[in-house]
C-alpha cells in the first residue's frame, strides 16, 4: 500500500492553483520569465516570524506571491506583513464576498422590482434568469479575485479538495472562517444597499420569510418549495453539489483531454456556465445553495437583521440541509470523478479505493504518526 | 485509387481528440513537455491482458492516458485496470450523463414552475430560453468531462466520424452502449430529483404525455407539435442534425482558416453556441432531439417510470424519427462539409466521392480483406 | 504621393485571413510548423489550368489551402479541382447560408410560437432576445465555416475591404454572387422547414406581409416600423452599418492595443457580441438588416414563395434601403476608423485622405494603368 | 519612506496597456517579433514638434503606435500627425462613444417598444435584460476600440488609475475631455436615430422626465427610484462603483494568480460579465451609472434636446450623485484591493498606507518638488 502521506498529506495547494496559473509552453517554464507563483525566496525566507505565524494558522510557511513582489521594499512594512500572513484568508474572504454580493443582489433586484411597470420594458428589472447570471458571474469574478488562495469559495469544495486532492486539512479552518465571514459581511452590505427598496416592497420595517406572499428573506438565503419532503429537499441539494464537484474536478483535471490545454484560462468561464446551469436546471426546488458560505452566512445575517426565528424554522427547519448536503454531495461528486475518470494521485487510486483508512484505522493512524514524525524531522510542511 | 484503408481504416480517434488537446506552438511539440496524450508506454505495454481485453471490446489496445499517470504505481490496482480497460466508454457515459441531466433538468424546471407567482420575478423559474442554455451548457460541460474518448456523446456523431473521419467501426458498439446508458441513467436521476415537483404539477402519481395539458413526459424526451406531418417532423430533425454535423466538422477542421488556431480550446464554447442556436432556432417543431442517446434513452426510462405506451405512440409514433433522422442528417451534414470545404482525408476525397464502395462492393470488399490481413501481419490496430 | 497601388491594389486578402489564422508566437513563425495557410506549392503550381480559371474568376491564382493538403494525392481528382477552383466562393456561400439559416430560423421560431401556452414556460418558444442570439451566433458560426475566404459574409463588408484594406476589386463579383446565393438558398431551406408551422399560424396557403396582423414575411427579411419616415429608415440602417464596420475594423486591427493579441481566436466571439448588440440596441426600427445578402436574397425567395409584390412595396418601397444603406454605412464606418485610429496602410493614410483619386481622376487613372501594366509584366496578381 | 515619485509619478500607462497587449511567452519577448507597442523610434523621435505638442497636452511625448507603422511614410502626412498627436484622446473618445451609443440604444429599444404586440414574440423588442447586454457589450467593444489609450472610458477609473497605478495626473484633463465628449456626442447620435420612435412613444415633440408615465429621458441618463433617500441613492452608486474598480483592479493584476495568464486577452470578456452583473444586480435603484461620462454627458445632451430643467432637478437634484459617487466609489474600491490583495507598487504599499502625503503635506510637497526638478534635469516624462 502506498503510504497515505504520499497522497493526502502532500501540499497540493500550489498544484491546484497552478491549474489557473499554468505555464502554457515548455519554453516559458524553462525561461522562468513568466509571472509564475514561486515559493518566495526573498523577505519571507529571512523572516521566521512570518513563517511561524503562518504555520500556526495552518497555512504554508511561505505566502503565495510573485517573486519580484516578494523582494519589493514595501513588503517590509507592517501592513504588507499582515497581508502576507493572511494572504489566502484575505483572498477567500473577498472572493466569497464578491460571489455572495452579486448573487444576493441579483435575487434582490428581481424580487423587489417584480412586475414593476415603470421599468424599461414595463415588467421589472430582470427575471429569474438574471439570477442564474448573477450567481454565475459572481462565482466567476470571485475566482478572478481570489486566485492566490486557490479560489475555493465554498467550504464543501475545500473539504473535497482536502479529501481527494491533498490540500492539507490544517488549511481548512482558516479557509472556512474566511469564506463564512465573506458571505456574512456581503449579506450585510447587500442589505444596506437594498434596505429602502425592501421597505418599499414589504412595508417599512416589515421583514418576512417564505411562504409569506411579500417575503424578502429569500434575498439572503434559500428556502425550499413547500411541497417538498425532507428527502426531496436533501436530494435536490445533494445532486446539485455532486454535479458541482464532479464538473469542477473535470475542469481542474490537467490530464483530462477535454480541458488539459484550456484549463487555466478557461476555468472561470467554464465555472460560469456550470453555476448558470445549476441555477437554470436545479434552482426550482431548493434554490441551489450548494455552499454553506453562501447560505448559512447570509441566513445568520438576515436573522440579526430582524427576519425572526423563521429563518431557521422555515421549511421544517430546512436550514441544516444546505449545510450538510453540500459536504456530502461534493464528497460524492469527487468520489465519482476519481473512481471513473481520474488517473492521478487520489486516495481512490490506492488499495481498497482508500477505504483502508476507514476499515483499518489502526494502520492508518500509524502511517499518520509516521508522517507527523517525518514532518518534524525533515521540516516538511 | 487510393486504398480505402488509407482513409477509413486508419484510427483517427487520436487525431480527433488532438483537436482538443492540440499543442499550440511548434516548440511544445518538439519539447514534448506538454501534457499531450501519448500512446502509453508504461504499464500498458507490459500487460498484454489489458491490451487483449480492450481489443476485444473494439477499443485501441492502449488506453488514452497521460504518460506519467500511466506509469504511476496505482495503475496496477484492480480498479485502475478496470478503469483503464473501459476508459473511453466511461468517458462517453459520463459525458452523455452530464449532457442529458442538465438538458432534461432545464426542461423540468421551466415546465414545472411555469407561471409560478412565488418565484422571484413572479413568473416561474425560467422560460424557454433557459432550455437553450441548459442543453447548450450540458453539451459543453459534457465535452469537458469526456475528453478522453473524443467526446462524441451522440451515436449519430460517432457514426459520421466512422464514416468520414476514419474512426474504426469496431469502436461504434461500445461507444453506442455507453452513450445510451448515460442518457438512460441521467433521466432516472432527473426523475428522482423532480418526482415531488411532478406530483405537485400533474397530481400525485398522474403521468401524462403531450398533448395532455399537464403533460410532463416532455421533460424526458421530445414530442412534436401536433400540426406537423410525418415529413415535416422528419425534415425538422434532419435539417437540425445536418447543421449539427456540418458545423462540428468545421469546428474540428484544423485546416479551416476560421478555426485552425482556436480549435482545441475554443471547441466546447463554439459547441455551446451551436447547440444554443439549434434550440433557439430549430426547437419549436420537434424539440431538436438530434441525438438518439438524448431522446430514446430518456424515453425508455419514462416508459419504465409509468408514462404509459403513449411515449411510443404519441405524434403518430414519432419516437423513431429522433432515432433515424439524426443518423441520416449527420451523415448528410458531414457529406456537405467534405464535398464543399474539407481538403483532408475523407472518403469523399477519393474517386467517385467514395461511392465506389457502394457501386462496386466486390472491389471494396477485396480491399477490406487485404487491410484485415495487413492488420494481423503488421500488428496495426 | 505614395502610389495608390501600394495601398489598394495589393492583395490583402491573405493579410485579412491571417488575422484569424495568426501565428501566436514568433517561434511558430520561424519554425513554420504551425498549420498556417501558405501559398500552395504543390499541385497548384504545376496546374496552370487551375490557376488560369481562378484568375479569370477574379480569384488569386493559388487557392488558400493548408500546404500538406495541397500535395495530397486526392487533390488531383476532378471534384477536388473544382473545389480548389471555387474555394473562396464555396466558403462565402456556406458561411452566409449558415448565417441566414440560423438568423431567419430564430425569427420564425419566436414569431410562429408567440404566446403558445403548450410551450414549456407557457409563453412561446422564445422571445425577442432569442433573435439577437440567433443572428449573433449565426454570424459567429458562419465565420468558423468560411475562414478560407476571409469570411466577409456581407457584400458591404467585402466592399469596404476593397475600399480600405486592399482586397482587389476583381474579387468582389464572385464573392457577391456567392453571398447572395447563400442567403437566397438558406431562406428556401428555412421555408421548407417551417412551412407547416406557417400554415398553422397564418392559415393554409395564406402568406402576408407586415403590417398584416398575422404577417410572416418578417421571417425572411426586414420590414420597418410604420411610424418611420424614409429618412429615419435610412438612418437606422446607416448607423447600424457604420457601427458594424467600425468595430469589425477594430477587431481586425492587429496594431490596436485592445485586440492585437486576441484578434485571431477572439474575433468570432467579439463578432457575436457585436451582432447581438446591434440586435438588442438597433433592431427595433428597421430590424438591423445591415447586409444585402441577409435581406435581399431572402426577400426575393419570399417573393417566389408567394408573399406577393408587397415584399417590395411594403414600408413605402423600403426594400432598397437595406441594399443601399449598408454599403454607405460600412464605407463611412471604415472611413471613421481609418481617419481616427488606424495607422496602417489605407487610402485614408495617403495625401488628401485618398480623395485625390476622386478629385483628380486623371492622375489616379494613370497610376491605375501603370499598376495594370506592372501586374502583366511582373506577374503580380 | 520610499520617495512618492517611485510610485505615483512613474508613467504606468504603458504598464496598464501592456496588460492587454501582454507577450504570452518569454520567447516572444526576446525575439521582439510580436506586435508589441514599443516606444516609437522612427518619425516621432525626430519630430520634436510632435513631442512638444503632446507633452503640452499632458500626454507622453511619444505616441503609442506599433513600431513598423511609426516609420511608415504616411505618418509624415498632416492628418497622420494630428492623429499621432491626439492618439489617446481619440481612442478614449471613440471607446466612450461606442460604450454610450450601445448602452443608451439598448435602453431606448426596450423602453420605446415595451409591450409592442407586433414585435416577433408579441411583447416588445427586448426586456430589462437586454439593457444588461447592451451596456456590457458596449464596454467590451469600447475596450477593443480604445486599446491604444488604455481604454479607461470612465473619468472615475482614470482617476483611480492616477491615484493607485501611477498614471500621471497630467494625463487626466485630456482623457476626461475626450470621455465626456464621447458620451455627449453618442447621446446626440442616439437621439437622431430614435427621434421618430420617441415621437411615436411620447407624442410629437413631447419630452418628459421620470416619474412621468411616458418619460423617455431615462434613455439618456439615469433617474433613481422615487422611494430612495439621498443616502440610498448615493450608497447604491457608491457600492456599484466600488465593485467596478475592485474587480477591474483584479482583472488587471498580472500578479493575481486568478488572472495572470488570462489577463490580456480575457480582460474585455471579464469586463463584459462585470458590467452585465452590475446591471443585473445593482441596476434597480439608481440605474448603475457608475460613470460620469455615461451619465452627465448624455444628460447635458438631453437638456439641450429639450427635456427641460427636470433633467437636473429630478430625484431631488439627483444629477450630482452619478458625478460624485463614482469617483469616491472607485477610489474606495481601489483602496480595498490594494490594502487586502495587491502586492505591487501602490501608494497603499508605502508607509502609513500612503496617507503621509495627506497627513504631512509639507514633506510630500518637498518630495514632489524634488521629483519635478529631476524630471527637468533628466528629461524623464
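Order of writing sets the chain letters: A, B, C and D. Residues in each chain are counted from 1.
We take it that contacts are C-beta pairs under 8 Å (C-beta built on N, C-alpha and C of every residue); 3 or more make two chains touch, one makes a residue touch a chain.
Chains and their UniProt names: A, B, C, D = Glycerol channel.
What you see is a predicted model, and the numbers here were worked out from it, not measured in a lab.
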Chains in simultaneous contact with chain A and chain D: none
Interface composition of copies chain C and chain D: same or different, split at half: different
Gap in Å, rounded to a whole number, between the CA centres of chain C and chain A: 45
For chain A paired with chain B, centre-to-centre distance based on mean C-alpha positions, whole Å: 32
Contacts with 2+ other chains: residues of chain A: 24-25, 27, 124, 126-127, 129-130, 265, 269
Chain contact topology (line, ring, star, complete or other): ring
Footprint of chain A on chain D - complex, ascending: 2, 24-27, 29, 107, 110-111, 114-115, 124, 126-132, 210-211, 213, 218, 225, 227-229, 232, 235-236, 239, 243, 246-247, 250-251, 254-262, 265-266, 269-270, 273-274, 276-277, 280-285, 336, 339-341, 343-345, 348-351, 353
Chain B-touching residues of chain C, taken from the complex the two chains share: 17, 20-22, 24-25, 27-28, 31-35, 37, 64-66, 69-70, 72-75, 77, 79-80, 83-84, 90-91, 93-94, 98, 101-102, 105-106, 108-109, 112-113, 118-127, 129-130, 133-134, 137-138, 140-141, 143-148, 151, 189, 192-197, 199-200, 264-265, 268-269, 272
